[in-house]
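Chain naming follows the written order as A, B, C and D, and within any one chain the residues start at number 1.
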Amino acid sequence: MDFHIERAKILPKSNLWGFLEGLKGVAPLIAPVERGNKTVFSEVNDISDVTINYTRTVLPPKKFLVPYRRVRFTYSTGELSFSSNFKARDQIIFGIHSCDLHGISILDSVYLKESPDPRYLEVRKKTVLIGISCMPDDYCFCLSTGTAFPDGANWDLFLTDIGADYFVSIGSPKGDELIIELKELFRDIEREDLELYKRSTRKKKEAFRDKKLPDLERISQLIELEYESPVWDEEAKRCLSCGTCTNVCPTCFCYTSVDVPDFEGKTVKRVEFTTSCQYPYYSLVAGGHYFKPTRTARFRHRYYHKLVGYPYQIEKLGCVGCGRCSAECPAKISMVETLIKLRGADEKESGKATEQTSAGRSL
Amino acid sequence: MKRELNVNHLSRVEGHGAVDIVFENERLKEIRLRFTEGPRFFEFITRERLYSEIPKIVSRICGICYVSHRLASAFAVEDAFGVKVPREVELLRRLLVVGEYLESHALHLYFLALPDYMGYPGAIQMAKDYPNVVKRGFRIKELGNKIMKLLGGKTVHGENILVGGFASFPTEEALESVGNELRSIIPELEATLSLFDSLDYPEFTSEVSVAVSVDSKDVTEFSDTVSTSDGVRFTRKEYELFIREETVPYTTAKVSRFEEEPFLIGPLSRVNLHLEELHPAVKKEISLLKTDFPSKNSFHSNVARAVELLNVAYRGVEIVEELLNCERTPSKISVEPRAGTGYGIKEAPRGTLYHRYSFSDDGHCTGANIITPTAQLQAAIESDLRNLTETYSSVSDRELRKLAEMLIRAYDP
Amino acid sequence: MKKSLEKLLNKPLPVDPFKPQRAVITDVEELAPDHKKFTFAFLDESLAKVWDYIPGQFVMLTVPKAGEIPISICSSPTRKGFFELTVRKVGRKTKVLHRLKPGDVVAVRGPYGNGFPVGIMEGHNVLIIAGGLGMAPLRSLVWYILDRRSRFKEVYLLYGTRNYEFVLYKEELRRLKEREDIKCLFCLDRVETPEDREWADIEGLLTELIPQVKLEPSETYVAVCGPPVAYKFIGKELLKNGYPESQIFVSLERKMECGIGKCGHCQIGYKFACVDGPIFPLWDTKNLPEML
Amino acid sequence: MVRVGIMGLTGCSGCQCEILNCEDAIGKLIGKVEFAYFPLAQDVNDFSEFDILFVEGSVSTNLDREKLVKGRERTKILVAVGTCACYGGVQSQRNDEISLDEMLKAVYGENKLDLEVFKPMPLSDVVDVDYELPGCPLDKRQFVYTVASLLNGVEPFFPKIPVCHECKLSETDCLLLKGIPCQGPVSFSGCGAPCTSAGVGCQGCRGNCDFPNFDEILSIYRDIGLSFDDSVKFLKVFRGKTISGLKVGFSDEKGA
């Protein structure tokens, strides 16, 4: 047979545990594990804890790239010499869904495009990302955001479930090296595998057929033009400003930094902690002026930043359709519903088109 | 001629207390132990609240023995609604008590009482010369805190202690680690016991003749009945019939009496009453002490406290072992409110604690009564103070004042 | 896309943009109640020689123990070897800064932000409108222009504040008023004391001074800095007098925490005040609804 | 030496105990500060002058008030520790429902006390308070951070963000979504969300976050089966006077 693809391999499902064991031998392994009724990304010691068929984790894998609380520097008060004892470690994050891979690629742009953050870059260089295919639940809308499939090259390996096997796409030299290291677990691709792989794409898209999806075409302009829409007030009335939506978001990156001196007054830590645009203090300047004084302003700001701000700054939507913000919202506010309401009467019409346009984008 | 000896602010006690010793013509006329703590109306603020809110609210009566208040109120609510908790819940509650005693007794012994006998104003100052002794106190306290945090959710006012059980149980690994730490703290507790046994306590014989305690072999066990040293037994329902409370104008705590007499509760009372039921290893330790139990010297409360510390640690190890082999149950059983009154009693570190609540059929509290150890001890302490003043009639005012403070502290009111 | 991402990750570790440079306070001057001007010099002399900035840019100043604050530079880049910051005591960090004395060491990152488009302004008239503490960043622009006077046409400075007590850079501005190459018009909200009377051209608001400016609007660039509430009225008045909105630049205050578009606090609509601003053309206020 | 005082008014002493639990911090402080006044821990106490005075408990009697006023006069910085000192504590939850006389009668009957008694109130009703560290009990880390900051002449920084922040970042299931009453979205964080991670709803012991949305939280409680009255009582336990007069339609102008 002359059929030969170097950019992908087949991992029989029975070899998955061996593969995970192998990964763990290379570097600390982070993977989804069950905790209570939820799934979370966590470092695993025992690979039997790893859960493969999960829908979404509470927090995105972002927490292993940008910790929620981190010390940027320590400085001495006398000499004022700044030092960081931060050292990135090698790590492998396994089991990332496509939306979260896209989320990481957005973070890459934010942190690395201009004034790159050396700390993020160091972590990112030492991190191997291994994705896995998934099926949507009621909160997912990645088909609308164009993030249902792993495009781009910010990942190293991606496992697509094709029935008895995983179709393993190789995204980077680092990914390739891992495959070579564990080559006895893999086999070459055959024509049928490729057919199954293509079918899996269709299968995921079909799973969205009966779901409510927002139409995101021209969304930036829509949001700008609907700035005064009463929909914002209606939705914001229910908003608790609790910050859950931004804390679980794979692309949110805002933080506040505070200098914390020690008792002796000799050294000071500059601590950065994740924050949320939904908190009033976020826009409070010294002197007591709130730039986003109302709940509506804060609520709208999140949509504005995700759907207008990101496209302006990094030429991508800031939403990857993972559904976390809706799934975790204590007030059950849904991003999809809000966007559908904003589009109003036109939605029915353009909703039909969604399927075609998104499909065009994703394949 | 009238002469008054006052201690206006009792230090190293929880809360606010003051003592007046009044002499007239060189004869002792009156002793007043005043608790000047502002009233907090707990019997009132619990009213109209849902039964599930009660333990949380009354927990705030005391920051040191919050576990006792939460459990006593949970017992009362469970009594009113006819709830029986599974063995696992009961064992975890008992383990919680182990934590509470470790924290409370270590705090009292090392930080409130010990400086008196070592000649320091407080443990912070004592730490400079005796860092290891203070460290040991911290270590015991820390383990107590750890247990309370693990089971209760927080070190102080943990919200995980609910009517019907707990919102969540600890993991087996966490329990195992508690068991190991309890085992490894035992030498420290033995050292504590011999330290407190070796201190010079003032010669003193209390005239309070009746000792009262909940009927259980030790503080980590719960019971529905109370017994006294003169052989009377009564149930928790009858508590208010036997222990009578009255209000006196000079103190915000109410004063309690048993058969019109002051009575003793707390560690010394418990050790005296249940000497034979202590853990065998503790009994062996006691036989080596210079302090003789049962003791009538109220200052020996401190030794009794050290005895209890060691005892709860041994019990804790047993409880953890049983827990690890226990059948898994849901952490909280469902509670169906109904109209009625419930009673709860529990041995708090300072003494017997009593809670009573009445509920409407939808589970709202319609009435409450709480009798705290401090209130019940007031009469006994006053009696002891009178006795002390007479015993030490020849010492200077300064010394008498100091002795009075030490005596009151021994009760840890 | 694939290529650009690879490029991002293959970058060598950059110079840490979060790491500040040490600078010593060489002078502290009390300008008005709660307003002080600090003069700094970098401890690293080679840095001091090359460190450059544009009027309207800001630095992130580390006040030891208290934290970082964004402050506009009020000195002109035409004068080398030092830089100045005027700070009002208003929050927990500026309180600590106000306690510092000459000889104390702080740390500085920057300059950040876009600054005024001085290159584009060259060859045109410049109208500078300052309200209150807004005089600080504009002082930088004033001296930049005066030090390169020949590159600009007519220059006006309008400055308004509460009363004489709150006038910043009193002596300096007095001397400016005597110069021929810049026209200064001052107003005060309240004229009560003799000093007020001596200082103010009018009692009233900056908007009342605008009609007095004798410049060809289409040939003029306008730089405005002051309290946000004033922008609406000043903008309206400028447009009424024929100044094109693409030639009016306003400086906006936001809660910058990182200075380099990473922390998010300074977002205005879809823009970041720290990288896209803090100087924005008035035209942007139409598109950034929360700007003013 | 910096002179520190730790004083308790009407409360449970839980916050002072929690301060005594800060073993590391106390160890480091010895030698840096002088505990001039700390009656819970020492019997030699000097109330003459302080740099920093920490006050626990609510003002409930004339003795509390006198002590507090004197303390305020004698200290440079006054820090209210714990929910009682910040908002009035659990004892003030029914202040707006009933008169003091009725309260006294319910507990003490017809008997009179020697003390002058008021409805329990927060320190700020009586004197100026520089900083508030709420919590029942206060949070140890916040106490340590506050002391460290004040010793360095810097004001501590506590943004009033909701408990959900810390809860969600520790990947705890949202209890409201599970039908368990929780005050996380309207309560001031800083505690590390220990209650929600144990599966108990937040009880709001640290008081309000900035601009709490009570309307929405009440409607969520209604959806999970709590009556309006019980919901309001639930919210009132720790909020003292900061919530008195809560009714539907209550919302802050600015945060609305």
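In this section, a residue touches a chain if its C-beta (ideal position, glycine included) is under 8 Å from a C-beta of that chain, and two chains touch if they have at least 3 such contacts.
This is a predicted model, so every value here is computed, not measured.
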Middle chain, criterion being Cα centroid separation: D
Chain of greatest Cα-centre distance to subunit A: B
Chain centre separation in whole Å, for subunit C relative to subunit A (CA means): 38
Computed distance of Cα centres, subunit D from subunit A, in Å: 38
Rounded Å distance between subunit C and subunit D, as computed from the means of their C-alpha atoms: 42
Distance from the mean Cα position of subunit D to that of subunit B, given in whole angstrom: 25
Set of subunit D residues in contact with two or more other chains: 152, 154, 157
In subunit A, residues with contacts to at least two other chains: 256, 258-259, 261, 265, 275
Set of all touching chain pairs, with the criterion as stated earlier: A-C, A-D, B-D, C-D
Subunit D contact footprint on subunit C (complex, rising order): 65-67, 92, 95-96, 99
Complex contact set, residues of subunit C against subunit A: 1-2, 5-6, 8-9, 11, 13-20, 22, 62, 64-69, 90-94, 105-107, 228, 253-255, 257-258, 260-265, 267-272, 275, 287, 289-290
Subunit D - residues contacting subunit B, complex: 8-18, 20-21, 23, 26-27, 30, 35, 38-45, 57-61, 63-64, 89-91, 93-94, 98, 103-104, 106-109, 111-115, 117, 120, 136-137, 194-195, 197-200, 203, 205, 230, 233-234, 237
In the complex with subunit C, residue positions of subunit A that touch it: 72-73, 75, 77, 80, 82, 84, 105, 108-118, 121-122, 124-125, 151-154, 224, 227, 253-259, 261, 265, 268, 270, 272, 275, 277, 282-287, 289, 291-292, 297, 301, 304-305, 308-309, 311-313
Subunit D partner contacts - residues on subunit A that touch it in the complex: 35-38, 40, 57-59, 68, 237-244, 247-248, 256, 258-265, 274-276, 279-281, 290, 293-295, 328, 330-332
